[in-house]
């Protein structure tokens, strides 16, 4: 359509690489969720949600958006409003207090939505497994589309995994 | 003949109430007599305006347009006051059976009072007028003290002492005028007739006339309620029974002012208009300032009305100071308007007092809801009294201001308007407290019967009509104004 | 004779300030009324004016006899309470009366120069009496004294009238006298009521009615 | 020099298309420049277009209690901006349909008001907060804007944009007068404030307490969000284009003919890109002002514009 | 026989009053309203007739008004005010048919309301001082009584009534003095002879009468600092009355100033008009600031009236300034702009007040913070309110845009002259216009956004239903006209030009273009509101259609995003207070809000707060610093004066004696 052709026109700028401090990434994309990457077409907005994390993953997410990793170059952004987002980026085990807000936030995202579980705790509660305040893993509560293991996962691996959702 | 009949008619009412002491209905005879006075005076006014001056009682009485006008004012207000007086007396007897005995005295004195006022305005002779005005003092003293409470006694004492002194000064002034008149060759008995005084006025000795007029203003000014001898007025008006307050505030004080007007015409001829103007402006402004100052924190609604009278007398004096025919016509219109409005208000306040049992402003509230008729009459009356249209006081105040500006008294007019604004501020505040708001106690109250509210309401309607309709009042006012202007 | 009578009017006025006893005051007033009557009488005879003479008779009767009698009726009812000090004490009052007399003479020049007769030149005495009467009204506390002050005022004016113009016409004088009489009667009745209501009182204490 | 109706219509259409497509690209460019200065790679310049394309197909969500205002507001925002684009001379003076400087202000106001109303219609605290702040900033910017426009229209004796452009083309000495520079400086500040750029508002902020404009559109999703974003970017570009043309009128087509039109397009694009670059460069080195320091900035702009008017009279 | 419409208007008004006073409760509402409508129609016909002819309409009678005579003469200038008042009157009377306010159904109100309407229409026709003041004061007293009708329900009503009464009386006194001063020099009380002699008057007379009348009319118009009554009285009046007061009565203040300043006095020195402009600017700023921070819907509207009146005075001041500096055609433009704004303000403020009253009736509250969500529950009223708000915010294609734009134009074109006072006044004027424009937009975004959008903020608001048709027909009439005249201003502009020429001079060339365009001749700037309206409709349709095309309109209704918190209630919405808070902060020095924080600590530790109560209020600075002080001063004086008459007869007699001595000494 029209938009695609515009993309081609602006393609001339694609090779324009300013001298940057960002670490290079391979140009090929690791296969991710096919349907989502087709849908998102190079733009992904995520709402980050801390369901009970120790904040280790948050540190990595923060460095992911820094100039070094520059996740923005792949069209991936963290947004404040779930309405503007395509999915959730959840860290930590789901605590009892956060399970309600988690569901509410999920509901607030327009459909279709992706759910990304970031870090070991989100996958299997990690060291918090069995703690009295923990309700369960993210997978117990929401359908998880993408899992990024690690305690915490490195920024590069987060970016690599997310690129699979953008297709870029 | 007619003037004499008019003069005698009120006495009939008095005599009849003396004759039939027991029967309360006898008071209606007085009402009828006063109604007759009103009707006859209107006829007389027509007659005077179209045909000229009427004399009566062997030259003792003389009716020109001014007198005729004043008779109308007296007739109208006495009709209303005697009508409502029946209700007032009924209330009093209800609350205190001993008052039954005084009913007849009251009836006689009221009619005597009206008679004396009529005599004052009908008299052809200055001294007779003085006698009549003094007679009003004597008669009304008992009426002021009618309630026989301590307050009433105090008020009547103050009233008679201050007014007697004042009126004595007026007599002194009259004597001085008489001196002058004798000197220019008047026949001694007729020297004090208005006509002869006017005819020789240009030859009267200016310096004695000045002193004489100063004393006359001071003296009659006492009865008018002008500063500095005004002090009896709030006390007497607040203590007297409502119909008496109405008569005193509505007509008595303006009858006294009528005397000043008459003298002013003579003095203006003798010494030029500037003298009387200065004097009247001084007392007028003092009165206005005093009324304005004391209304701000007034606590008693009858006293509020009384100070309002002082204000209006100040306005009238200021209008008279202007002195041109327009001003005098306006002053007369104001006398009529103020008389009607003030008597309606006093009568209404009498009913309110009878119903509420207090004259304190702070203890009366939500009248419009609790007593819609009385509250409405009181409120509308205040609107009239504050000089708002369509009531005639608006027209007369406007005309007076115009006349004052015209003769170069603009600054005084402005001062009076400022005082009026202050008074408006004060009165609206008091009225708001009395009239507005919601009924907290939810008591069930009975309305005054129609024969009581009827005259009050129709009086207000008439007052509005006077303010709106020019005909036929304009010609009478102009004719009356020309009597005392040159 | 005339000047004697006129003078005694003034002297009576001054004495009226001096006295503090009711009985004495009434006597002084009676004397003054008589003196006033005599003034009228002498003038009437001198001018051969019948109406003035008649006036004189009325004045003598009323002011010399009747009114003092009525005053004494009130005065006798009131206790002779000397504890009731006058508002202005007697020496000061006398000084004030002196000032008032001077003032009267100074301010009546208009009248005297206008009348311009020997008799007329006595008119300031009347004015002085008037002023003194007023002073009594202002400075004395008891009802009787106030009535007396009123009468002094009235006498002063009458005196001026007699001296300057041989009085007002008789008919008028009659009316005036009637009025004054009635006023005094009313005052008397009121004073009696006051006495029954409040006892012997200071009229200045009647202050229930004010703003 | 007569414009046929057809040519005027086609110029308007061209302007609409050009601005509608060009404005997201300009935003992309500005982001790219910022990223570059920060040492990032940054997203592609077409990223805003890509986002809009994606959003167009996503689900629309309406807040529970909202009324039709919420649905209509994005359309009104885009529509009024497009009207502005259509009737003002951007590429060519031929598109002028009674284009008046003051009318432009009021038309822009429609967009601001509709977005603010939609924000309040959501019934959330964020919406209200954003609307309140945006309207306050807008109200404070208004005096500076109008007086600056006044100063710009005084020499031409008209507030008609075409008249101003044509007259200043014939009187190039106007262009460097101090009052003009002052007025333009004030105008630029206002543009920055109105379009929610630094230092008045941070378009990329996610902190609720500091955001102004973002707070108003939190509830929009899908195509509505796309419309709002498109509208906002078009407003920015429109204002920049207006500013550019008033600042340097040369290049705009003043007569019919495709060549002139192409020159006009290119020159306008160049002006806008230049201004965008400038703003992006300045923004990098700047922190957002505290909300209650914004009035000071606006007051400064107002003083500049008043000075402009006064000095224009003094100079003459 | 041709009926004199002015006489007919008077008679219909009085007939309505009498009908309202003597008939039964059910009948009187209808009769007095219908007579009111008839009065307005008659006045409207008269005004239109005058506007389209060159002859004034005259009605005179010496049988009315004692010693002065009743004299009406409607010229084209006055006719504009009559027409605008009549339109508002018709709408309000229709509205009243459905309005169920208890107080307004009373006998008094039914008696007074037709009179009020009648005087509103006749004041601009009065041609002598007595007639003018007579009608003016009846208008004042009638409106005062109407303000007071609900005094039983709320104590604030009587307070408002007192403020209004006193301020209007102050104004009337000032008008009286000013007019009488002119009348004395003219040796006649008719306006025509005043006008004839005005040029020969000494300048102090001209100046003092002008300023006296400015004060008098300014107090009626609600010009700062004489406005204090307005934000109290207009909100407390019942709906139709507040519409009449705010949309029609205040205009008569403007009428008076223009009639006197430009008509009778025929213009004046520059500094007069600079003062007028300054007062206008002050009113506009002050009014808009206060309306931006008000939370009471009707108070907000009332302050916005002060704001708009300020703009009109700004225009009038500019007109006078241009005239005094010899720019006749600019003066004409400025006056046309001011009068146009007057007429349009009547329309949108009328519709706003009427629809706000509908909202109040439906919810029982006029506090913005307990309304909300009403656009969906009362769609018609809500839309009317929205249209009114958009008009007042001067958004095209509604009528407020046209008049504000024209006002800006007149100021723009005043600049090139070399006159220094113009050079200072005009940019400042534009700045004020702009700031108030911005604040007005903010205010009405608040009014609409908090008032009728979002979630209902109280239970009554949640249960609200649409009001009776007569009510929205009345209000809708006005908002339809807002739209009509906004799109096609040529329907009214020629009349406004005619009526302005009456004062500026009939030989001044018309500098405005006609037709669908509004603007100045010679390519000096023009707008085409009709085109804009057309474009807006087309573009909205196109984009709406596109949106539909791209995506099926499947919309999910979901709970608004509340950061994931458990419940989201209406108490969490942004309130009107918080909406205006940034404005309060920015203009803290002008508004000087008072804050009051009461916190009680726990007994265990003073670092823990047990309960906190925060109260903030925004009083009118003029009220607090000027009027309350003045009133306190008067009371102080009054209570001291009371000591003078202490009840002692001796003291009273001493007054007399002193006076006697003074008389004797001075005259003897």
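All chains are identified by letter, namely A, B, C, D and E, in their written order; residue positions are counted from 1 within each chain.
Operating definition for what follows: contacts are C-beta pairs under 8 Å (C-beta built on N, C-alpha and C of every residue); 3 or more make two chains touch, one makes a residue touch a chain.
As the structure is a prediction and not an experimental result, all values here were calculated from the model.
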Touching both chain C and chain D (chains): E
For chain C, the least number of touch steps when starting out from chain A: 2
Between B-E and A-D, the pair joined by more C-beta contacts: B-E
Relative to chain E, chain with the most remote C-alpha centre: C
Chain occupying the most central position, where position means C-alpha average: E
Centroid comparison with chain B (C-alpha atoms), farthest chain: A
Mean-CA-position distance for chain E and chain A (Å): 58
Mean-CA-position distance for chain E and chain C (Å): 68
Inter-centroid spacing, chain E versus chain D (mean Cα positions, whole Å): 35
Rounded Å distance, chain A centre to chain B centre (Cα mean): 96
Residue numbers of chain D (touch at least two other chains): 57, 59-61, 218-219, 222
Interface hub residues of chain E, defined as touching at least two other chains: 556, 558-559, 561-562, 642, 645, 649, 653, 656, 660, 664, 667-668
For chain C, residues that touch 2 or more chains besides their own: 110-111, 134, 137, 146, 203, 206, 208-209, 211
Chain pairs that touch, as defined at the top of this document: A-D, A-E, B-C, B-E, C-E, D-E
Residues of chain D defined as touching chain A within the complex: 21, 25, 32, 35-36, 38-47, 49-54, 57-61, 206, 208, 211, 214, 218-222, 225
Residue numbers on chain C that touch chain E, as the complex places them: 87, 103-104, 106-111, 127, 131, 134-135, 137-139, 141, 146, 203-204, 206-211
Touching residues on chain E, where the partner in the complex is chain B: 62-69, 108, 129-130, 133-134, 137-138, 140-141, 148, 151-153, 155, 157-159, 161-162, 165-166, 169-170, 173, 176-177, 180-181, 183-184, 189, 631, 634-635, 637-639, 641-642, 644-645, 649, 651-653, 655-656, 658-660, 663-664, 666-668
Parts of chain A lying in touch with chain E, wherever the complex brings them together: 49, 81-83, 100-102, 104-105, 107-108, 110-111
Residues of chain E defined as touching chain D within the complex: 292, 372-373, 375-376, 382, 386, 390, 393-396, 401, 404-405, 408-409, 411-413, 415-416, 418, 420, 423-424, 426-428, 430-435, 437-439, 441-442, 445-446, 448-450, 453-456, 517, 519, 523-528, 531-532, 535-536, 539-540, 542-544, 547, 550-551, 553-562, 568, 570, 572-575, 578-583, 585-586
